[in-house]
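In what comes next, chain A is part of two complexes: it sits with chain B in the first one and with chain C in the second one.
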Partner chain A sequence: MIGKFLRKAYKSVPPYSEESSKEDIKQKEQDIGKKLQKNTQTFQSIYSYPDNQDVKIRELHIGGLNKKATVIFISTITDTNIIEQHIIRPLIENSAESKSIKDIVSVQTVATESQIKKILSKINSGNAALLIDGEEQAQIFNVSSFEGRGVEKSQNESLVKGPKEAFNEMVFTNISLIRKKIKNENLVVESTTASVRSKNEVYMVYVKDLANDKLVDNVRNRIKSLNTDVLQNLGLLEQRIEERPRSVFPTILYTERPDRAASFAEDGYIVLLMDNSPDALILPATFWSFYHSSEDHYLRFLYGNFTRMLRIAAMFITLFSSAIYISIVTFHAEMIPPDLLLAIAASREKVPFPAAIEIIIMEIAFELIREAGLRVPSPIGPTIGIVGALILGQAAVQANIVSPIVVIVVALGGLSSFAIADISMNFAIRLCRFLLVLSAAFFGIYGMAALFTIGLFYLVSIKSFGVPYLSPLSPKYISSGDTVFRRLLRNEFYRPGYLKPKDMKKQ
Partner chain B sequence: MRTTRIKNKVILLISMLLFLTGCWDQREVELSAYVVAIGIDKSETDEGSIRLTYLISNPEAGIQAQGSASDEPPRETITFEVDDFLTATNLANTVVAKEVTYDLLNVIIVSEELARDDRFIRWMYDATKGEDIRRNAKLLVSKENAATFIQNTQPSIETRPHQYFNLIFERGNEIGTLTVSDLLTFFRKTEADSSLFLSFYGSTEKPERPKQGEDQDRFKAGEFYYEGETNTSQFAGSAIFKEGKMIGALTAEQTRLSYLLNDTMEARDIYTTLPDPFNEDYQLGIKLNKEGKLDMQMDLKRETPTIDVTVPLKVDVLTNHSMAEYPRNPENREKLKKTFKNRFEKKFEKLITKTQDEFKGDPFAWSLHARKHFLTIPEYEKFDWMKTYPEMDISVSVDVRLGTFGRQGEVPDMEKLRED
Partner chain C sequence: MGQSQEKIGIKEYLAIMILMVGTKLTDDTPAILFDNLRNAGWMGPLINGFIALILTYLLMRVVLSYENKNLIEVITHLFGKYLGYVVLFILWIISFGALTVDTAIYTDIIGTMYFTNTPTIVSYGVLMMVCAYGAKRGLEQIGSVAWAVFPYLQFILFVILVLTLTQGEYAFLTPILGPGGWEVVKESSFRLSIYFDILYLFLLVPFVKSKKDFKKGTWIAFIVIVVQLTITMIGYLVLFDYVSVEQLNYPFHELIRFIQIGIFGRVESFFFPFWLIASFVRFAAYLYLSAMLFGWLFKIEEFEYVIPTFATLIVLVGLIPESPTFAIFQLREAILKFSTPVFFMLPILLWMMAKLKGDLKHADNTNKK
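Coming up: the complex of A and B.
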């Protein structure tokens, strides 16, 4: 009975009545009329004028033509100087009687719209609308000017050799940064509206004569089929369009480097850009694109491969260091050389916890420091480092809570995890590390090997927009052979075959 | 809805299965007592049991790490009577607090008395049954009781017992005074029944006075005289096992010679001395290296099978107390070469005769060379290497190549030097 009661209490949701906006929608579907006064009133009521502070409605008299007119714009996202100098002033000062509006104003682009809905969307994205008495069309002038920061150095994917600039929150800047690298008329920047209410635009950037048409259609359809009110940035878009939202491994690459985006586009990949996102989404993505960094190719052959070697070692150390420690001290003591075994045994003698608990305590402590260090306001930042290092390293060992060897093992794994630059892959590897720790605690090396094998099966089974995750290694495709290591630049002949690009040969 | 609930339950059950079935042989490292060496002696009272000695290593000894430094002794030993050394681990827990494990078992020390007993092999086969005993554990025969040997082996510098044993055995292998004596080889040679097994030979006894003799390494463990403050245990020479029973012992020199006659073992840079052909008062210090493989010519079809062995030796002369001129005098060199050849041939012949007459078996693994002279295994087995070996006609020749004469080859002319 209590169960029933509880279920009722939690299951039933109080009814909620939404307000109908049918009339609003109907109003917006209509075209504007001939009477200026009526039109102006319509817009005033839609924009809640004059309560809405930054919506400006300027009524004026066009000289020469002798007509009344109204200019509507939102002052915070437009360049008011241009409106004043190149729209309002020429209109007022005009004396010619038979000039068209296009010839009077001196702004870059002029368009006409008649449906209220469309006029509104233009005004909302930074245009000024000119309504003229007796005309059933509104003149739309592009005078947008959004606030944003300039092009800055990339912060999350920093490198020593190579371009330093990064995307910012303004999509046109980002497109310009890509165009700067691909000076080709085949570079297409296609825009699609992805959300219903906020009308967020997603820009698809690809090279027309390289990218596979089916792939482009697939991505376009996926974005179009999103039926959401708001889609603010690429981080949210990524989660909407990926195939396996619950998967540990990321399937879309997220980068803030325009040079990386450009080189992917030149290989036949598709780059997605959006306003408010200081980065680009690149798809389809394979495991290797998360493992690589752009510097690998900017550095000379040997140096680049050396960093690749370090990175793959770091990946394995991150995955396995803690798990191996647990399994050898709890299951396979005979595996280690006697001196090391005795050293471990000695350092664990006074520690009250089993090895697995000890490691998990330290791992969680490390993750906490990392998370707290990320969120901490920057003036207090340095203290976190000191407190973390002191308390966890020194004091925990002195108090015999953890053994010194565990500190080494966890610190090594933690440090190595920073070598994996991509944030999604970084999370994936760290989560897998915890799984491996658990499996090692229960089954030793056997458990680790089993879980790793399952993980490999899983990796092979994932696809990103139809592309197998581990290609071109498995399954094999024609490609430049850029997987764990890279080749000499002059030996990288082909674009990745798994993308089915229109042009295979690179050189 | 319903299916997801069932799915959730199944996942929960399977994950519980993992929790319940895992950890079955989990054992934390710090909860074990690590036996580094066991000593086996004959029981004084019971025929069917043995006296077992455990040498248990203390992990905490000599650790400088924070929070674990202590001044506990590096080892503890216990000796008690048991029926076998596998079940003895539980018996030991009457005295030792932690679970006794053979994970680090490095050395099995057997007293010569037990090793010479017919029943010795019965206990040795326990080692193949224990799950944590490794086949690379070493077998050492001690001249005295194994318990006494372990008691007295208290190195003052390499205080960790496993480290001491490892180091001294490894070094003995490199210079040829000790053979390769692990359990695997012991079982293999015993079961193959074609050659003799050589094991480490050790003792903590010490002779009263230095031995008078011509060659410096003609001794076994327990015969080397030294003074000073150190550990009393010595490791030199080897105990010979035939069919799993000890039948004799070789000196350090003989062990080294058997290295040179054996293609399966390798010793490098053997330092030793030989009488100087130019002045009998002095000894020449030399460095021996075997160059390549033995040249074996076998004729096994005859009534008395014959073997002609050629041992390729490279000899570097290190000291030259007679001050004879070698680098510029080919005659001297020729004489030196001839002396070496004769000396070594004699030594080899003596050793081979000893193995044929005394041990009646071959410790040089020559049966490996012989096997290729037979077409089928039954044919080889019928030949019975172990039985035939003592009757064979074996001749040894040595192929000497002189190497360097030290970093500086020349020595001053004594007569000129002492002119005035």
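Coming up: the complex of A and C.
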């Protein structure tokens, strides 16, 4: 009963009266009228003109047609030069009496809209609207020009052999980067509005004659059914459309490399792009797509598989190094050859903590250095490295807080974790590592095996958009067999069968 | 049954079967065989295997001649509603008893060989928790995990066998026939039920992708199991000799303590996790099958929900015998002796009933068409 009461008290929210925006909404649903003056006033009040600094409303007189008109645009997201040279000047200087507006202005695309709401959304996304006296339709010119950076080298998924360019924050650049790789009319770029208030667009990129229709529908519906005010970028979208938001393992792949996105699209996957996101989401994703990197295929067969081998080794070292140390020292000391055992015992002699505490101290220190190193402003970055290495490593050993071998074990695990390039999988493995450390502290190798088995059962039961997480390993599907190792390129015959692509054969 | 499931492929089925039956070579089954067969113990699995082969063939012939029916439905169809219920109830009792005794043995192995200070209830609890978690995920997941770990487990077993067979003394094999030819045949056929689990696998017929996969999978797995059991038994014999192997309750674990790899004198903790994973998968599958049978007997559609309760019950029952190393050894032998006639009679009876009803002929005709 007390619990119920507490929950009630905790959950109750102080009343808050929202302001009604019914009037505004009603106004925006209407069409524009014939009177220019009234229309201009409407837009002025909606945009709080002239308080709103970058909204420009330019009144002018169209020569020849002899009509009054108003151009409305937002100067910070449009190319004002084009507006001046190709819209305003031709309109003023026009002398022909019967030319249509389309023929006077010289911009790339011209459209017409009559509903206020739609005109507003066009202006908000970088168009200019031309309202003409006596006409019930506004002319919309596409003159958008958003600020952003150019195409740069990829930062987080760097590689030695292969293309270096990365996505940037402008979605049309990103689409162009993908189109550059897939020169095919079947590549579809579909846009869906995902948020109510900010009207953020999500672009679905897929190859029409490969991607499974059900999958495409499923993804489209999931994006459309989001009922959120704002959805700024893909990182937020990912959390909204994934099936298990609380799961340790990621189910949607996140990449900043257009070549990777393109090759996934060519296998029948779906790529999601958004403005403000220097990356792409790829779905469905399996465990293997997080483990692979694009360089595995750019390198020759043997070299590529060698890096794969190193990566899987790194993964296991990250997961198990600390846990194995704890369980061997605490429970299975007989396993180590006597000489080594004596060495370990001698180094642990002065340390007052049990092995598990020692490891956990060091692990937390390592994670702290890592996190701090990421956030630290770049001028003092190197200092942190030195402080981290010196004080936490050397001094901790000298102060008998940890034994030297623990530093080696933790550093090895930490270092290996960097070989897992994907940031989500990296986090997943690091979190699992702590769980394994705990289970090893309680039950030694028994606990580790138990947790590992539970983990396996969990992994095989995860699905990403209907695709089992460990496929094509199990359950078995026709595919190129690209799991732990890859095959020769000429032996990779099939697209992944778990996607049910429309065309199975690749070559 | 109530739930719509995706079917498992031949690989997953094969892995489940080999892990379910094959893992027996690591508990006290070898000790039971060596007890009476002495140094001909390794022939036990072979002779049993031959009889079990005939029985499996009969079962396969009967069960697969029906479209999409598993063992439960075939038994009720052939024996009628009431008798069939009784037979299935006996089967469930055996499966639950065997599961309890087996898990108790595995807990005892963990307790006596590796974690001598850990309270039994804790290690038992962890074991059953993992198995219940796995079983509750469903058959498809059990199959996937089984197949994912299967190649590594087989590789490890291979390594162990190579190390054992190179360090052994082959003179221990003689006299080949041990206590005498007839004795060997008689004693080993009393312990036919080491293959009893195959019977339960016929519950899975509708869940395997096709009948052909089931047939092929069963035979491949059967051969692998028999070969593995036989070779491992030879391994025990050549390493320990029959006198000491009779004394050992858990020869596999003594064996991995005994062998050496280079500078590493004690490698059992290296092999231990692999054995654990195999056992987890084995009992997860077992638990699932037992719950499935229970679900049918008591008309529980969503039988997955009884699995955690089952697991708890098993821990409580399994903890009852004191000094488990001896008590459970006796219990297990009793179960083996009790289930042997069931395993021997059931397929033959089923086959005879099917023959009398004329279902087999009918199936042949439809197959030919």
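The criterion applied here is as follows: the second predicted complex is superposed on the first by the 495 of 507 C-alpha atoms of A that agree within 3 Å, B and C clash if a C-alpha of one lies under 4 Å from a C-alpha of the other, contacts with A are read in each partner's own complex, and residues count from 1 in each chain.
One rule holds in what follows: contacts are C-beta pairs under 8 Å (C-beta built on N, C-alpha and C of every residue); 3 or more make two chains touch, one makes a residue touch a chain.
Remember, it's a predicted structure, so these values are computed and weren't measured experimentally.
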item: Chain B versus chain C as contact partner of A:G162, first or second or both or neither; value: neither
item: Chain B versus chain C as contact partner of A:P475, first or second or both or neither; value: second
item: Contacts of A:G126 with chain B and chain C, given as first, second, both or neither; value: neither
item: Contacts of A:A450 with chain B and chain C, given as first, second, both or neither; value: second
item: Partner chain(s) touched by A:G466 [first = chain B, second = chain C, both, neither]; value: neither
item: Touched partner set for A:F331, first chain B, second chain C, both or neither; value: both
item: Touching both chain B and chain C, residues of chain A; value: 331, 334, 443-444, 447
item: Chain B residues within the chain A interface of the complex; value: 18-19, 22-23, 25-30, 32, 34, 36, 57, 59-60, 63, 65-68, 101, 103-104, 106, 132, 134, 160, 162-163, 166
item: For the chain A and chain C complex, residues of the former touching the latter; value: 328, 331-332, 334-335, 337, 443-450, 452-454, 456-458, 460-461, 468, 470, 473-476
item: For the chain C and chain A complex, residues of the former touching the latter; value: 6, 8-9, 11-12, 110, 114-115, 118, 123, 126-127, 129-130, 133-134, 137-138, 140-145, 147-149, 263-270, 272-273, 276-277, 280-281, 284
item: Of all residues in chain A, those that touch chain B in their complex; value: 329-331, 333-334, 338-339, 341-351, 354-355, 397-400, 403-404, 441-444, 447
